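I've put the structures underneath this note.
What follows is subunit A paired twice: with subunit B in the first complex and subunit C in the second.
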Partner chain A sequence: MNLVINGNSMELGDEVSSVTMLLEHLGLAEKPLIIEHNQDILQKEHYRQVMLENGDTLEIVHFVGGG
Partner chain B sequence: MLKIGQYQFESRLFLGTGKYPDYDIQKQAVEQSQTEVLTFSVRRMNIFDPSLPNFLEKIDPEKYTFLPNTAGAKNAEEAVRIARLAAASGRCDMIKVEVIGCDRTLLPDPVETLKATEELLKQGFTVLPYTSDDVVLARKLEEAGAHAIMPGASPIGSGQGVINPLNLSFIIEQSNVPVLVDAGIGSPADAAYAMELGADGVLLNTAVSGAEDPVKMAEAMKLAVHAGRFGYEAGRIPKKDYAVASSPEEGISVRN
Partner chain C sequence: MSGTNRYHRQTLFEPIGETGQDRLMESHVLIVGAGALGSGSAEALVRAGIGKLTLIDRDYVEESNLQRQQLFSEQDAYEKLPKAIGAKNRLNDINSMVEVEAIIADAGADLLSELAPAIDLIIDATDNFDIRMLVNDISQKFEVPWIYGACVASYGMTFTIIPGQTPCLQCLQGYLPASGATCDSVGVIQPVVQHVVSYQVTEAMKLLTGNRAQISGKLIAFDLWKNEHMEMEIEKLKKPDCSSCSENRIYAHLSYGNQMKTTVMCGRDTVQIRPQHGIANLSKVAENLRSNKNLQLSWNPYLLSIQDENFRIVLFKDGRALIHGTMDEMEAKNVYYRYMG
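Moving on to the complex of A and B:
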């Protein structure tokens, strides 16, 4: 399955089927972050239900220093 | 007490979190400033190196109100998207609208700033637009329902201080919502001056993070904001062209 994450094309096994599993796969499960899936901003409680498909695009963002 | 929408703050100093030499100095500076509001930007995470530290892990986030900005947005649509991303963190519904219209001066785009403000208000955000010192735009932002107005003192990061005190005074005079002077503050004198003009608060970043000793400067800014506010409340004397003696002119002892 191919996903585009933060502009990078990534090949992932089909077992990475949900947003929760993707975060675990990337080692980001405990990080404070925000996810946009196919231009849809996700609420944290929905990560488990949102299923990933070939060609999906994701933006994974977080708070950084700024004024 | 500073009231913005449903929020109340004792401190009138809002602090940015960008460009500190390191997280330990930043943490000390934030503590020393006694700020209650920290600004942040929203950016892509480095998904290839999840071990990279983040400042949020260094502080107790419960102690602060987060004011994310929409920096990076070039138009209202992008600003609204960044605001919604920030809100999805579940940490805050306050947003600093920042729509830059000129890469060289980093001055805000007035039309897109107003549009973004209107849309975010419709969506229920507590909206604090960063704006130029344009008096009419400030009025229109307030009429749209902005919870505070944040005019720049001078260009972002320039450290030039308050370059148009007259416009700033007009904005402060006409506004019924808090006016926070945001951007361009360079020194404690600048912050105190903005507060003496009647600003309800000051938002600054580089003046502290870029100082030789950011921790000491954070304390200096805290004191300057206090001093300026007290000075404003106390009511300064009018300026006169000529000297007026402070000592009595009667009863001067002379040898006859």
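Moving on to the complex of A and C:
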């Protein structure tokens, strides 16, 4: 399966089927993030239900504090 | 300087024009923090001819600031000048027509509440979410927009929060790092500071010149090193029961007590202590400590620096102390009481 994450194309195994699994795969499971899936912002509670398909685009950002 | 030509290139820019310039010159902006982001925003707004600028900062200039904090010089670091003062001096040199108010203090609820009624816009140039949550409550309570901005390494982020319109920072709380977890040891490069500042100041100009329709409305994040740029519509994250911006608002961060507070400063091996009672008599403290030959004392009109074998204590007039050489809040308190009694 091919996903476009933050503008970068990424090839992933089909077992990475949900947003939660993708975050685990990327080592971001416990990180505070905001995620947009195909231009739709996701509520945290829905990460588990949202299924990924070939060609999906995701934007993943994390808040930082420095300034 | 007559000033007649000063803003010519800016007024030629059609969305601002003479009308926008007049509005800018009647505006009062508060910048919370005079570090990297605060220096950048302050310089840009002062050059643009903002009416009045208030700067709050609790820290003083150090050598390691000079790589990215554009208002400060080697001399400022040598003199340990408070950042608010160093910034004001430089800003006055840049544009003497702008009124700059420098406040050397921790941006607490009382101080922000006092300032807010006269403020048109707040720019976030802080380095932690505790203060941002406070700024967010102030913004909602006094209906003053604020522009979040932050950066670390080559990554930066910004979002404009407009009361009654956009989600507020409290709405996003579930997506933020836990308190104190943002301290970093990965450094930061100067261009990303400028990039965040560019967004913040441009958004500020839109708001202040009556160009609200141009406000981005999006959460913007970028990594300049990795060549990534993300923009997100986050309207959906506005919480209907938010404790800061909904009908059930309680402004929880404003009611946080007035007791002695200790704060570990990001990546600095430093703890700030803010005692319950403000104001320190610096010359009296210096007098008391002078007989102790193990201590090296130095001072300027704003602060007193005390160096012992293990720690450096910097005491400000408003009673705060920075304890350098520890990240342990208990140890810092002990050091504080050792010399301040």
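Everything below uses one rule, namely that the second predicted complex is superposed on the first by the 64 of 67 C-alpha atoms of A that agree within 3 Å, B and C clash if a C-alpha of one lies under 4 Å from a C-alpha of the other, contacts with A are read in each partner's own complex, and residues count from 1 in each chain.
We adopt the following convention: a residue touches a chain if its C-beta (ideal position, glycine included) is under 8 Å from a C-beta of that chain, and two chains touch if they have at least 3 such contacts.
Please read all numbers here as calculations on a predicted model, not as lab measurements.
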{"item": "More subunit A residues in contact - subunit B or subunit C", "value": "B"}
{"item": "Partner chain in contact with A:Met51 - subunit B first, subunit C second, else both or neither", "value": "neither"}
{"item": "Touching partner for A:Asn6 - first (subunit B), second (subunit C), both, neither", "value": "both"}
{"item": "Touched partner set for A:Glu36, first subunit B, second subunit C, both or neither", "value": "both"}
{"item": "Touching partner for A:Gly27 - first (subunit B), second (subunit C), both, neither", "value": "first"}
{"item": "First, second, both or neither for A:Val64, with subunit B first and subunit C second", "value": "both"}
{"item": "Common interface positions of subunit A, toward subunit B and toward subunit C", "value": "6-8, 32-34, 36, 41, 43-44, 59-67"}
{"item": "Parts of subunit A lying in touch with subunit B, wherever the complex brings them together", "value": "5-8, 26-28, 31-36, 41-44, 59-67"}
{"item": "Touch list for subunit A against partner subunit C, complex", "value": "6-8, 32-34, 36, 39, 41, 43-44, 59-67"}
{"item": "Residue numbers on subunit B that touch subunit A, as the complex places them", "value": "16-20, 26, 39-45, 47, 50, 54-56, 66, 68-69, 71, 84-86, 88-90, 156-157, 183, 203-206"}
{"item": "Contacting residues of subunit C [partner subunit A, same complex]", "value": "33, 35-38, 124-129, 132, 149-152, 155-157, 172, 174-178, 182-184, 188, 196, 219, 221, 227-237, 266"}
